[in-house]
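Here come two complexes built around chain A, the first alongside chain B, the second alongside chain C.
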Partner chain A sequence: MRNRTKAQEYLTAFVMLLPYILSFCVFFAYPLVKAFVISFQNFSFLGDAPPKFVGLANYKEALTNKMFLDSILNTLYYSVLVVPTQLIIALILAVIVNDKVKFKEFFRTTYYLPTVTSPVAVSIIFLFLYKTDGLVNQILRHIGITPRNWFNEPSFVMPAIVSVAVWGSVGFYMVTFLSGLSTIPDQLYEAAEVEGAGELTKLIKITVPLLKPMIFFNTVVSFISTLQMFDLSYIIGGSDGGPMGKAMTMVVMIYRTAFKEFNMGVASAMAFVVFGIIFLLTLIQRKLFGEEMSY
Partner chain B sequence: MKKFLTILLTLIFLLSLIAGMGAAQKGVFATSKITLKLGAWASSPAEKKIVQNQIAAFKKLYPNVDVKITEIVGDYNQKMQLLMASKTEPDIFYMDSMPAWQYIAKGVLEPLDSWMKKYNVKTIGYESSLLQPFIYKGKVYGLPKDYNTLVLFYNKEMFKQAGLTRPPRTWQELKDYAKKLTTGKVVGLTMNLELARIQPFAYQNGGKVFDGTKPVFTDPKALEGLKFALDLFKEGICKTPKDLGAGWVGDAFADKKAAMTIEGGWMIPFLNDRKIPKDSYGIAELPAGPAGKSTMAFTVAYVMSKNSKHKPEAFKLIRFLTGEGGQKYVVEAGLALPSLKSAGVNFAKTYPERKALVDGAKYAQVYFYGLDGTKVVDVFNKAFEDYVIGKKYDLKKNIEERVKQIMK
Partner chain C sequence: MWKKENTYGIGIKIALYTICILWTIVTLVPYFIAIITSLKPVEDVTKFSIDFRKLSLDSYKYITTEFPFMRWLFNSFVVAVAVTAGNLLFNSMAAYALARLNFPFKKVIFYIIIGTMMIPGQVLLIPIYLILNKLGWIDSYKGLIIPWLVSAFYIFFMRQYFLTIPKDLEEAALIDGLSRFGIFFKIFLPLSLPALATQAIFIFVGNWNSFMWPSIIASSEELYTLPVGLNSFYGQYYQFWNQVLAGAILLSLPTIIVFVAFQKYFVRGIVTTGLKE
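Our next item is the complex of A and B:
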């Protein structure tokens, strides 16, 4: 009797979960496995020729492709610029907006607003701002700095994209920090004030250590999302990677190989290389922050 | 009760699955009237009108055939390959000369020879260089829809202010004019920094980029010619539309940011749309180099899918569109040049001010580089960019390096 109820429960659970399991298999598991298989094949979209097994040739081609290797460096450069900048700004904003200022609800909303805006819209607006005769250059001209063609010069395109990325996503990290801040008991600050601690001491001695799990979480999330950067780079630089390929990121390179050159095998191989890089960097971050982090 | 609920849930789920399948199958109806799909890229309303007029005329001749235009917005080549991968491509569609061999070699296009024999269509009627990209291993895979050539557009008012009375005819004049016309706000010349615009300079210098079967990357004469054009950029008397903050060359020219530009006949309808008066600009042949004149010809053909279910009707449509009946509308509209020789004669008569476009056809090189076309263009474009905005001054070495990287 007991067994039958168990079986019934399992069946109910299975039926309830079926839609999710199905969609997981169709839209996630199957493509993932298929992509892995394709990464070892000479796979053609067109015609009726069956895919040929080529061993590691696709991986070899991916790892000897100078453009792809450049794109890895570009992406790392981008990540190293974006992650610290955006987390520091987000933390400072969160602390300020937490309880120190008037109209804090207004500021919370305003700083979060860019996060809900489409990255495509954001990039297009910044394309206008950074144009040769755009707003940024007109302001620079007034203070006596030579205007530049920001998105069109090899050494400036990535920093320019970084500024857009930081502007667009700082709100998200601010909100996560805010939720972390609300868990820090007020007594700690009160006690510190009694001891005569200043604002900076409180920030370094209380806020940052207690926010450590949040900082770890944000660093990992921010790192992963910057390593997967596609939209801004694609809109601003196109599939050629902008001036001299300096805006080419790993994911744009995958897109270019798959849908411009129609080389699905190599593109899949690249995708798994990117997966490996992200996996490795995340492991390293775990080590750096210590094993006890529960996030 | 619980058991009942479980069974009920399972039943509902299965029923909805079956219902879904049933609905999917219902969509297939047999019709007596044949529907052909024609794939085209999104273009100006004026250009679209031509195809619509042609189709209306075709329908009058063949009332049992309905033609639907599938307009592809965005990256045409990309979407067409995806449509083919899912076997939902149109029966006949536009095919650009550049990637043509890639499709043909994969065997996704229908060879037209037997159809041409059956319906009495001869290749000799078309401008011969235009067919080259669509003939592979002796078989014809596409018939040219129309074509266009590159010419020099110049702003007459700016010329007058600079004391110039006629368009430049030689390289030296082009350079001098560009220098004279470059002022604080206006640049003398604007063009895209890409092979399709820079290549004529190689041929004007007696060099070659493609020798009929394979690309020639480092012909010294060609390099010298390319360098002449690239140095115009380096000297700041020629700029890309991007550098001028314009969307494309047409915008830069219409907004009076540049006095001259090298672009194709498709500029004319664009300038009309922008309400630029016809007599405020002139159209001239590209200036001649040390070895004479050269320009680029861009052509598009109609090709047939191997998977088409209505091949005889599809071929009749191609024959109509590229034959006398359809090309008449190309001439009338005056946007592009008709690929049929007999219709070309009428074009020059109808539009005397656009004569430069037709004159160029005599000595133009077709935009086509064989099976690896996309890669060839990539090699040159990247090397040009390195040369103009980068620090690699040796164009030849740079091209060779890139060939090693990309071509295998």
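Our next item is the complex of A and C:
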């Protein structure tokens, strides 16, 4: 009897896990192995020739491809600009709409809207705003700044995309910071007030130190997501990466190599290089923030 | 003494409200411009001024009747609803097994689920494409839907929720002769409505906004989802900004409505998990 119920429980568990197990095998485990194999093969999707083992040739080709190397630099440049900008703005907004103003529900809702808006819609709206004769330039002209074709000039395209990205995701990080703020006990602030601490002192001495785990967490999440940026760069810059390829990111480069040039082997090698970069940078981040994370 | 502090307080208040209002403007003005421009005739799109007599819904009418925008909207709905339904059922099933049943390799399976979240999706893109190609699912609803029916992250999320449901409830039901599936459908799912709502909303919005995968899989125009269709429309008709922006508004509205209606679940989702889909 006991064995029967045990067997029944195993069977139930198996049935309940079956969709996941199937999906895991077909859309995760097998593809992961396959991607690794393809990255060592001469695998052209278009040709009829069977895949041939080519050793490290794809990795060599990826790492000597100037456009791919540039895309790595562009992506890092993008991350370095986006991550601190969006986290600082998000933190400031979170502290304010946490309890310091009226209509905080309205502000929170408003700030979160871009986060649920399709990146395609966001890109298109900003393509319109940043046009040479668009609203942004009309305002700039009024205050005496020369209008520019933001998305079409090599040195401006990435900073312009950064501004769009920050606009699009500040709301998300604001809400995560809000959840962190809600865990800080009020007594700490009350005690500080008794000792005559001002708003700024309280922010620097209480809020920021206690939010450190949350700040670390958001830095990692934000960093990883910027390294995987695709939508904005592809819609604004196209598969050529915008003016002089300055908007080309690593993932757009993988997409282009795989699905425009159908060079699946090299694209897979690129994907593993990107994986390696993300992994390495996450490890470094963990080391840097390591001590503060230990509590 | 208190007077000095009071003025200090007002100064700070002005600064705080200024920041709040500035960021509200930064957030809302792009939407506002997009809506107004979508209502303008094409010759006025770059004009700063608004001529209210000339505003109309013409560009919405035009894109939805002369272009397959309604078809793309329909595709987006079908795919997003199917993916959401699949996730709600399958993730919860797996989560129930992990939270409440005993079976061999339970720990291993749990760590595999956690582990899969750490692999960046781009690595898998090419082989998944090749598999779907072998199956003949390229350019089909199947290709758009089936690879995304389960999510490791939401299995984890639901498991955490199920762990909070008291064991006594379940034991009583077992004694009453309810099967495990009965318990899952009649007790666990109904008790988990807030968690299910959170999951549903995030998956719906994530899928609605997804761009890269549908642009790889949907090659014929009838199968485009709205983001893919709008991007291709922009590529050809970029000078007709009123229509392009009408498309952008059409694409944005459903998720904004869902968000405003179900806000508390969004916040709960982020607060309880701190993760982005």
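Just so we're on the same page, the second predicted complex is superposed on the first by the 282 of 295 C-alpha atoms of A that agree within 3 Å, B and C clash if a C-alpha of one lies under 4 Å from a C-alpha of the other, contacts with A are read in each partner's own complex, and residues count from 1 in each chain.
Quick note on the criterion: a residue touches a chain if its C-beta (ideal position, glycine included) is under 8 Å from a C-beta of that chain, and two chains touch if they have at least 3 such contacts.
Here the structure is a predicted model, which means the values were calculated and not measured.
A.B. asks: With both complexes superposed on chain A, which partner does A:G134 reach: first (chain B), second (chain C), both or neither?
C.D. replies: Both partners, chain B and chain C.
A.B. asks: Which of the two partners, first being chain B and second being chain C, lies in contact with A:Q285: first, second, both, or neither?
C.D. replies: Neither: A:Q285 stays clear of chain B and chain C.
A.B. asks: For A:V251, decide between first (touching chain B), second (touching chain C), both and neither.
C.D. replies: So A:V251 only meets chain C here.
A.B. asks: First (chain B), second (chain C), both or neither: which does A:E261 touch?
C.D. replies: First partner only.
A.B. asks: Touching A:T109, do we find chain B (first), chain C (second), both, or neither?
C.D. replies: Once the two structures are laid over each other on A, A:T109 reaches chain C alone.
A.B. asks: Check whether chain B or chain C contacts more residues of chain A in the superposed model.
C.D. replies: C
A.B. asks: Should A:S225 be classified as contacting the first partner (chain B), the second (chain C), both, or neither?
C.D. replies: Only chain C is touched by A:S225; chain B is not.
A.B. asks: Could you look at A:T12 and tell me whether it touches chain B, chain C, both or neither (first, second, both, neither)?
C.D. replies: Touch partners of A:T12: chain B and chain C.
A.B. asks: Looking at the overlay, what does A:N42 touch: chain B (first), chain C (second), both, or neither?
C.D. replies: In the superposition, A:N42 contacts neither chain B nor chain C.
A.B. asks: Can you list the residues of chain A that meet both chain B and chain C?
C.D. replies: Residues 12, 16, 45, 131, 133-134, 259, which sit in both footprints.
A.B. asks: Over in the complex, which chain C residues touch chain A? Could you list them?
C.D. replies: Touch list, chain C to chain A: 8, 12-13, 16-17, 19-20, 23-24, 26-28, 30-31, 33-34, 37, 46, 48, 86, 89-91, 93-94, 96-98, 101-104, 106, 109, 112-113, 116, 119-131, 147, 149-150, 155, 180-181, 184, 205, 208-209, 211-212, 216, 226-227, 230-231, 234, 238, 241, 244-245, 247-249, 251-252, 255-256, 258-260, 263, 266-267, 270-271, 274-276.
A.B. asks: Report the residues of chain A in contact with chain C in the complex, numbered from low to high.
C.D. replies: Listed in rising order, the residues of chain A that touch chain C are 9-10, 12-14, 16-17, 19-20, 23-24, 26-28, 30-32, 34-35, 38, 45, 89, 92-93, 96-97, 100-101, 107-114, 116-121, 124-129, 131, 133-135, 138, 167, 170-172, 175-176, 178-179, 182, 198-199, 214, 217, 221, 224-225, 228, 230-231, 234-235, 251, 254-255, 258-259, 264, 267-268, 271-272, 274-275, 278.
A.B. asks: Given the complex with chain A, which residues does chain B contribute to the contact?
C.D. replies: 2-3, 5-6, 9-10, 13, 75, 78, 81-82, 84-85, 103, 106-108, 242-245, 374, 381-382, 385-386, 389-390, 405
A.B. asks: Which positions of chain A touch chain B when the two form their complex?
C.D. replies: Within the complex, chain A contacts chain B at residues 5, 8, 11-12, 15-16, 18, 44-49, 65-67, 131-134, 149, 152-154, 240, 243-245, 259-262.
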